[in-house]
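Down below is the structure, laid out as structure tokens.
In this document, chain identifiers A, B, C, D and E correspond to the written order of the chains, with residue numbering beginning at 1 in each.
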Amino acid sequence: MSTTFFSRYHHRISYQVILLGTIGLLASTALVIADLLTREEIALRQAEDFRATLEQVLPPEIHDNQPQDERHLLLLKDGSTLPIYRARLDGRVSGVAFQVRGRGYAGPIEILMGVDASGQLLGVRVLRHTETPGLGDKIEVARDPWVLTFNGLSLGKPPLSAWAVKKDGGQFDQFTGATITPRAVVQAVRDGLILFQNHQADMLQRAAEED
Amino acid sequence: MFSTLLADYRQLMRDGLWDNNVVMAQMLALCPLLAVTTSATNGLGMGLASTAVLIASNLLISSLRHLISPDVRIPVFVLLIAMLVTLVDLFMNAWLYELHKALGLFIPLIVTNCAILARAESFASRQPVHRAFMDGVAMGIGFTLILVLLGAVREIPGSGTLFADARLLLGEGFAWMELTLIEDYRGFLLMILPPGAFLAMGFILAGKRVLDQRRQAAHSASAA
Amino acid sequence: MDVTPVVSGPHTHIGNNVSKDMYWVLAALTPVTLYGIYLFGWPALNLLLIILLAVVAFEALSLRIAGKPLRPTLLDGSALLTGLILALSLPPWAPWWVGVIGAAFAIVVGKHVFGGLGQNLFNPAMLARVVLLISFPLEMTTWVMPQPLFSADAPGFWEGLAITFGMATIPDAITSATVLDQAQAAVLHGAAVSEGIAGHYSPLSGLLGYQAGSMGETSALLLLLGGALLLFKRVIRWEIPLAMLGALAMMSLVFMWLDPQRHAGPGFHLLSGGVMLVAFFIATDPVTSPSSRLGRILFGAGCGVLDYIIRIWGNYPEGIAFAVLLMNALTPLIDHYVRPRIYGRTQRGMPLPDKVAPPDRKPKAPPQRPLYKKRSKKP
Amino acid sequence: MYAFLRTLVGLGGHSHGFRGGVHPQARKHQTAPRAIEPLPLPQRLYLPVQQHIGAPAEPVVEVGQKVAKGALIAKGQAGVSASVHASTSGTIIDIAPFTAPHPSGLSIQTVVLEADGEDRWLEQPEPINPFILEPAEIARRVAQAGIVGMGGATFPSAIKLHLGLKQPIDTLIINGSECEPYLSCDDRLMRERSHEVVSGVRILLHTVRATRAVIAVEDNKPEAFAALSAACEALDVPVIQPVKLPTRYPMGSEKHMVRTLTGREIPAGKLGADIGVMVHNVGTAYAVHQAVIHGRPLVSRIVTVGGGAVQRPANLEVPIGTLVEDLLNFCGGLRVLPARLLMGGPMMGQVMPHARVPIIKGSNGVIALSQEEIIPAQNSPCIHCARCVDACPCGLMPLEMSARIQHDDLEGAVGYGLFDCIACGACSYVCPAHIPLVHYFNHAKGELNAQKLQAKRNEEIKKLAQQRQQRLEAEARAKAELAKARKAARAKMAPPKPQETKEETR
Amino acid sequence: MIEAIITLTTLGMLLGLLLGIAAKRFKVEKDPLVEEIEALLPGSNCGQCGLAGCAIGAQAIVDGKAPITLCPPGGKALVRQLADKLKVDVDMSSLADKPPAFARVREEHCIGCTRCFKVCPTDAIIGAPKQIHSVLLNACNGCGSCAEVCPTSCVEIDPVKPTLGTWCWPKPVSAEHSSR
């Protein structure tokens, strides 16, 4: 019987060493194999996912390239870098997408925004947030069409002073009961537009030179 | 022979689903339980993933039980369970991507699900493989049921729906499960916030106590 | 003469009882309640009646489930008091179901789940208020300006019913933010707080309560009068109200001195929101406040400081309910560590040294041990 | 930090006076105006052999023996104990268990004395000047007279005096506060026999060699205060000083009186003598005067008979051993059926099982409360109002203690200071939930005491068991050796089996 | 890949080594708790707990096979000591403390057979053959062993009657307070 055979050695230190070592070996091998098996698939899924999101802020009619492949690091004036994704139509940059971050009620709100060459908003989507379910999560497009109201807006339209929620004297609706979440989104988008304006040349032209 | 085996399995099933339920009797695995049950679908997904890990770990540990020396059993269990969870995480990420996006944060939490370690330590490491398998199935189903129940109890008053987004988990064929019980419902937010989980859990536990007491009273009455 | 029962002394009693206390508090709240009904009209009265009915119904239901006798507990006034305080702390025009859900939480979860009268950890009315605030932010933040009964704009009886039962929406024209909302909004705008509250607040409006707010929170004057009555009747003691109002005043003074742009003065903080109601009628709830005098002072001060912190740095314009609940949770801890000094012992429970006996004639003292090992074993 | 907080909120210094306490309705008007009346000699007197804290006295008389008033009947034992004397002259007719004046209604060994009606004193020694006697001699005489604390605590006074001889006492306090409602026996004693009281105080002062004595009287007894002042004046003893105290219950508690008068606190587990003070009751002072000046043992005391159920309330001078029944009959019987019959005042007095119990040395009152005087209990759960905490003169948290006792966590209650509780009843008096707090504490104290006794007994029995074990083992060993020896002897006699023999002898 | 495998394997082996050594080092031979508990028990091996002696009782308590309320002669005092020692809470109220009892020999039936004092665990019975036996109350723990062996049933176990010295206030009973 195996019971008696192995348990005779159970208390030897060498047995413990070999046992744990073997288990570690087996476990790591299994994980390595699984990783090899799934790596490609996972990468594919993530890329698909990202493309789908990019599509939402860079509508397919304005580009004929794959924006997710055109990832560039933009050097900002403060020395930090920001990844941007360029959409091209006939080789010309027709729009860019980049991430901004707002300070929400319960943590940061990650926002992806797409801007066309003239600085008009193509789309705004919330990627990640931790807002109160049922209250602050109306910024998700799946739950509420609120973020679609940004489409077609730009820095001058409405004027800068109106880039705020109504409670703060701006033109954007806040949802009832929650002010902080939409305020954070509006501010983040406005800041994103300002950032675009400040780096418009870099975002559009130098990128063209690089190629 | 066969009938005794069947009776044994029935007992294991009873234990897992009710008498010795992971959550309601052993009060284990509360962390994933309270964290993910904002909807019945989330509960189901978490439950199924945990069940898979539980069955696999029970099987693995039971079949290795003679090899594992008592002095190092805990690290061995932890290593094996961690491996299984990582495997599940990888596979879900690859082939159930949408669900993984919804549950992703919680899958690694299964490692810390003390119910799995507890079953390994108190059951699988001392029982033959077939019983360990049945135990894993029973305990897993019991855990899943509680997760779904708690999810439903929180989802219905919280957002007025039941099994919302079930198609993400089970595929388009299960879209019929998604019920909207109350249209234009603004929601009783407390229930989908963390305090609601504790509250609902408390009431479920109290409910089980009441049922058990009734059953016992009926039992002793009929015995007398 | 026959056998008398074997009972310990004392064989006389001061003659009070629990329900007398409860009814005194109810009496002290009556002026505020009547004034609130006058200010906010029929919908407020409807809501109050609905809550009182619901509270009694839930109390009876809970007692029935727990298998306790109904009459003594229903008649002791504790449930009515919880209901009244809840009603006074809600927006007066809130729909009926807000009141019913609040009553259910207060009585079932806030009181009976813990074991009934005297066992609850949190003040039931405040617990219900917080649950409602978290769950129904829209309904719980829709305030109206006072529409005194029989005034031109006030809703009539039928209109009132329609508002309470959700058949009519509250016209936007008469909804209004509370002064605390105004103050918070002003600060968020970067404007001076005095600008924000200008036109919405004056000390007189605070005292009289002619401003938007819940039914029982608006008139500081009437609340003070009720509190004074309770103090006079010794139903409540001075420590909690004084410590709470004092701490709030101190906090607002200090911060106003540091940055008058952002921080309003003590008068504003004391006279707005639910401070007065809480200080005299809620924080003083005996069940959920500490037993020792120093404990009560700490408790009251904690409520005041927390309220100020939540008002200024929190996301809610008024945080008094949260402050009370947080301090409620600390009460067992305070009771464990803050105890009166026992006669003949030091604060830590060691026997006092005998000071007078000179050392040579002192008999050899046995080793001294503290009275209690700090062992927490709360039943 | 903590001390700082306390000073900040001004809770640190009750330099004089004590925290807490209550103001129960005094209700002394019934009996306070009534002068002490002697109770006619009853036919039979019942003298329990234990009328004090400590060991029972041992009877020294036989049934049938004739005794004179003041004769020793039961002798106090070594340690804490006190003697009992015949309260009148007569015949001992029985020595048997008789109902004790105790709420349990249990019996106690009691000497029954049939009065012969002559009330003839034992030969009196010549009065002597006590101030030529040594303090120890005075203490001995006090012990001989069987004097115990007359305020109700019944601690043998001589033992207290002995403590005072061992430790320096700077202040002698004579307790005339009588803070219990209804009672006025001390009040009357101080008014009518102030000279004797002051004389007794002087003797006590001489005995403990304190520098001063204060007679503490609550300010609701101005007549007693005036009488004592006059007596001190008349006897010319400036070191004895009557002092007025504010009326507050439990001012009469030794601990709290010391605190109020001297600002000192008696440390937990210590006695007044440890901090240089000694407290005696005015009744004790009077009894000391009687014993030392006149050589008369303690055979009578003043008892207030009051309460709404009594026909004619009075203050009576009663021979020790008289039945409560006789007192009530003398007072015209009962007006209505009493709801409770108490010995002592309504705050700390004890319920009597019936009226056929004797007056003993510590009985300061017989109170028959009518139904209207008892506020019916309206029990409700504890709402943590903490009025008991505010009322407790000892700084305890009665609500916490009773909650623990209710759940049988007696140790927990001890941790909250159960044994610092003086059972004054202030907490129960103010409790709006009518929780029988004092009853809980009495129960817990008794239960813990019983457990302690049991543990001690277990220990003793265990020793016995071990001794038996050792004895059995020793016997078994002895038996085995005996058997061995016998076998050896037999082996010698029997034909030799060489190898075996070798083994065995070795 | 390979690094991961090597790291994990080495880590496992190292841990195995550590744990193996630790297991050898800190081996606990016998549970000292049993001895401590045995020291608390009466030690009279009276058998009222249903086990054959106090040592076995102590082992049973440690193993959780017997409740800490198993010992009638120990009474509540013992239960409290055991609860303290084992750090458990015990509901004393459910414990109907068997009132302490003493053995009493009914002299008219005693035949002086000496059986009772041979079994007495505390040597509390004195007597000699053909003499009437009597019980030393101070030494008797009321275990009842003597009553079992008496051929004439003349040993009775009487509960101790309370006296003024041992009487204590009963726990107050009131519907409201005993509701939990």
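Definition applied: a residue touches a chain if its C-beta (ideal position, glycine included) is under 8 Å from a C-beta of that chain, and two chains touch if they have at least 3 such contacts.
None of these values were measured; they are calculated from a predicted model.
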item: Chains contacting each of chain A and chain D, listed by label; value: C, E
item: Neighbouring chains common to chain A and chain B, by label; value: C, E
item: Chain pair bearing the highest count of C-beta contacts; value: C-D
item: Chain located farthest away, centre of chain E as origin (C-alpha); value: A
item: Chain whose Cα centroid lies nearest the overall Cα centroid; value: C
item: Approximate Å spacing (C-alpha centroids) for the pair chain A, chain E; value: 69
item: Averaged-CA centre spacing for the pair chain D and chain C, given as whole angstrom; value: 47
item: Length of the line joining the C-alpha centres of chain A and chain C, rounded to whole Å; value: 45
item: Residues of chain B engaged with two or more neighbouring chains; value: 71-72, 75, 79, 186-187, 189, 193
item: Residues of chain E engaged with two or more neighbouring chains; value: 12, 15-16, 19-20, 23, 169-170, 179
item: Touching two or more other chains - residue numbers and ranges from chain D; value: 103-104, 380-381, 406-407, 436, 439, 442
item: Chain A to chain B touching residues, read off their complex; value: 2-3, 6-7, 9-11, 15-16, 19-20, 23-24, 27, 30-31, 34-35, 37-38, 41-42, 45, 49, 132-135
item: Residues of chain A touching chain E in the complex; value: 11-25, 27-29, 31-32, 35-36
item: For the chain A and chain C complex, residues of the former touching the latter; value: 105, 135, 167-169, 176-178, 180
item: Residue ranges of chain D in contact with chain E within the complex; value: 50, 100, 102-104, 106, 108, 379-381, 405-408, 410-411, 435-436, 439-440, 442-443, 445-447, 449-455, 457-458, 460-462, 464-468, 471
item: Residues on chain B engaged by chain E in the complex (per definition of touch); value: 71-72, 75, 79
